[in-house]
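Everything on this sheet refers to the single structure shown next.
When the chains are written out, they are named A, B, C and D in that same order, and each has its own residue count from 1.
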Amino acid sequence: MTAAQEGQLVLLIGKDRKSFIVRLQHGVRLQTHRGILEHSDLIGRPMGSRVRSHLGHQYYLLAPSWDDLLRAIRRASQIVYPKDIGYILMKMSIRPGSVVLDAGTGSGALAAAFASAVMPTGWVISYEIREDMLALARRNLAHLGLAEYVTLKHRDIGDGFEETEVDALCLDVPAPWYYLEQAQRALRGGGFFGSILPTANQVIELLRALERSPFAFLEVEEVILRGYKVVSARFRPMDRMVAHTGYLIFARALAAEGSDEEE
Amino acid sequence: MTAAQEGQLVLLIGKDRKSFIVRLQHGVRLQTHRGILEHSDLIGRPMGSRVRSHLGHQYYLLAPSWDDLLRAIRRASQIVYPKDIGYILMKMSIRPGSVVLDAGTGSGALAAAFASAVMPTGWVISYEIREDMLALARRNLAHLGLAEYVTLKHRDIGDGFEETEVDALCLDVPAPWYYLEQAQRALRGGGFFGSILPTANQVIELLRALERSPFAFLEVEEVILRGYKVVSARFRPMDRMVAHTGYLIFARALAAEGSDEEE
Amino acid sequence: MTAAQEGQLVLLIGKDRKSFIVRLQHGVRLQTHRGILEHSDLIGRPMGSRVRSHLGHQYYLLAPSWDDLLRAIRRASQIVYPKDIGYILMKMSIRPGSVVLDAGTGSGALAAAFASAVMPTGWVISYEIREDMLALARRNLAHLGLAEYVTLKHRDIGDGFEETEVDALCLDVPAPWYYLEQAQRALRGGGFFGSILPTANQVIELLRALERSPFAFLEVEEVILRGYKVVSARFRPMDRMVAHTGYLIFARALAAEGSDEEE
Amino acid sequence: MTAAQEGQLVLLIGKDRKSFIVRLQHGVRLQTHRGILEHSDLIGRPMGSRVRSHLGHQYYLLAPSWDDLLRAIRRASQIVYPKDIGYILMKMSIRPGSVVLDAGTGSGALAAAFASAVMPTGWVISYEIREDMLALARRNLAHLGLAEYVTLKHRDIGDGFEETEVDALCLDVPAPWYYLEQAQRALRGGGFFGSILPTANQVIELLRALERSPFAFLEVEEVILRGYKVVSARFRPMDRMVAHTGYLIFARALAAEGSDEEE
């Protein structure tokens, strides 16, 4: 039996599907719209069990999934969806030990997901030009317990990245085509390049730049998630769905090769 | 500059997009349809650079992505696609340090992906009833350098799993509804349950069983990947695409709670 | 120049995209939330022109599209979407002169669409068991000016259809599998059978019945409509979309052949 | 019982799903890869019945659906799919009696579909600049029995359309943005404009032109068709599907209004 421990990040989810993500700490209380839950009463309770607010309403005590965490993250910018992040991790081979660059940081969701995949031996460096965003990302990363795996940098990526030989680099900025040279210099030979863009116009602009760059193996893909109603007697897709989050663009950095002639 | 090293797993990809995945070893040669590449000539070359076969044909020397690895894996059963695996990792919170159960092993693709996400501190235990499949999975895991993170078990999951308190459990078997009790006993409280099923009939059967089980927060989703042609002057979706791989079913194990009454 | 005429069905659509469908008639006035429009002021105005309410708000005077008509139809049941109707017309070869059966009538949307496609020489016969629905359908068909092409019948299709040798027959009822024999007797040899069903469970049930019936060339399809934002500088899919309306099932009736042996 | 008649267009479909579309004529024989079928033996047979080739192979005798006809049409250009045509008919309100312009004719598939929807009282005028295409379209329309409802014109639409006050106009040409003025002059006030374009670049260009034109109510949509395997015990989507045919663009022509001021 796994019990909830002080310092642990937990999800409390009510019968009404309203959920809360808190880090357990003696003396703190969670105020919900359906009554109060004392952290001290939760610490030591088995994970997956039912707990009750002081008004008697029932909540499940669970470890949050990435889905839960990303929904809960405080954000001032576009959300990045688990469906996209999961695929980015696979396509860019981001895994334990990887060193990953990411810009702009935004609310830190992407940096957090990368950190969670590369820890404890890997490392994420995230660039952001807006100070208010960096402050928000710092709070979000601390809340998720991932701050130690992410270095936040307040710097214009137009001036280049300070790192070299990184495994993967993801540009989540509106005009990534301006930064391909900087990206190329930061990546190791064969390193993974990725970008997320909402409009076809941006993708066209980025492809145009990539076609003239030392990147190869370009791919553009969309990940579409279709949810179903979970009633066994009436199994069918949901009535409505998210139709678009962004186009994902992938490429591989080639080694700068002085004398090697074109075939 | 990162150079290719002996013992490293590399991807060689030709102008004709034919690709090879090999583990570099002095004295070994790669025989392609367009000439021979000696491993000794590749070791020490910068990753991301161009190399040539003895017939002068050009190949790129790259680290394989997960996409590449999964396509290359020798298999005797259904492939599991990166789009699905990436999403499963996110939804089931599989990350460095996680302990994950998986059945059946099949060709080992899912176990390999899990191993790659939980290493070096995590652990994957994979059950398979067919000896020939286990042998194939063992070879595939060794080829990918992931054997040490996976324990393969030749055992009928109808007899139960030998582990308890695991973080996540994924059933990739044709009739998962027979093994929900066994899954529940193996998972920690609140643990993540997942399954992949190709037909709506199977999903309906599994939902029926889950509705009567101590699992909660059921979700059924499909991940659909749409590829685009990467020509900036004519940006458009591919003409054809994979329409279906499988339905993904997720749930959370609840703690067995003796006396706790229903609300 | 085409001018709006008395008796014509027109669409008035405001700057706020709120729209009204009315049949022009001298002496009648349209009361909108942004002022009054006198029908007499509209009659004689060019179609496609701008007109103004007594408060000065601008409306476009247009012929309604099928899309507009279906959205405007008063309904007590599930809507049938233009994407589905258009495809049904193609797959079931419903065109000028066709004789089409349809059950249940519901609010009459499907019967109206069929009538509009088969007029003036074709004919639609629509069965409905609920009197209130028939009354609603009658009003809707009259409003659309299509009443003369549709015969509404208040009758249980379990007792059979009164027609034979019809070109096409569409079952928009929850349990179409009970009425395959009746459908077969009503259709001409080779006639087109269609059905619309929201859940996979229903499709499975219908397929099971069709597999044992004298219908052949079964097809099940879904029509998915993806809308885009129409801003040239930021071309991209809409954020959200309708994910599911129904599965479309098609089959062809085979001739009842007394002595003809199986191959 | 409906019997096949001389002069009728019929579909013959074998057990191997190979199909033939012929117009029945005494004295003509259909040569298949599985034997000969004499038209005289087919004339008088019930539609929907089974017939046999001289080698004993079985064929079904059916009326072709639109789907069948479009697949069978001889073409030198891009196919237009039933899923797209059906939706275009609905969105552009093309129905019995409509007068429809279409350019370029290509192999005539779109003109044929329009003719089939507007006959017997409506009319289709189709422009094409290539003589060889016109000849092909003429043959296809004659084969389908629709020639009398379509006027083919060998003329550059850059010089304008000769018609005015048409109900609907569809541009199936690579650069429709050059012909918006001509389209506007041909359409009645409020008339329906449509276009089909394969790439996002083209859609962006057309939207840019439409935004500066006297067209309004722009819409861009994609119709995606997902097929399912029709086995009741294993109901699931097909493995692969057509991912893209084209983007559909719709707009309404506004009346040219001399003095009417902008709101």
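The rule we apply is simple: a contact is a pair of C-beta atoms (placed from the backbone, for glycine too) under 8 Å apart; a residue touches a chain by one contact, two chains touch by 3 or more.
A quick note: this is a predicted structure, and the numbers were derived from the prediction, not measured.
The fewest steps needed to get from chain A to chain D, moving only between touching chains, is 1. For the self-contact between chain B and chain D, the two sides draw on mostly identical residue numbers; the shared fraction is above half. Chain centres here are Cα means. That of chain B falls 45 Å from that of chain D. Averaged C-alpha coordinates put the centre of chain C at 20 Å from the centre of chain D. Within chain C, residues 200-201, 203-204, 226-227, 235 each touch two or more of the remaining chains. Taken in their complex, chain C has these residues touching chain A: 198-201, 226-227, 233-244.
Residues 1-2, 13, 15, 46-50, 58, 60-67, 82-83, 85-93, 95-97, 113, 116-121, 165, 188-192, 200, 203-205, 207-208, 211, 216-228, 230-232, 235, 247, 252-255, 257, 260, 263 of chain A are the ones touching chain B in the complex. By the touch criterion stated above, chain D contacts chain A in their complex at residues 200-201, 203-204.
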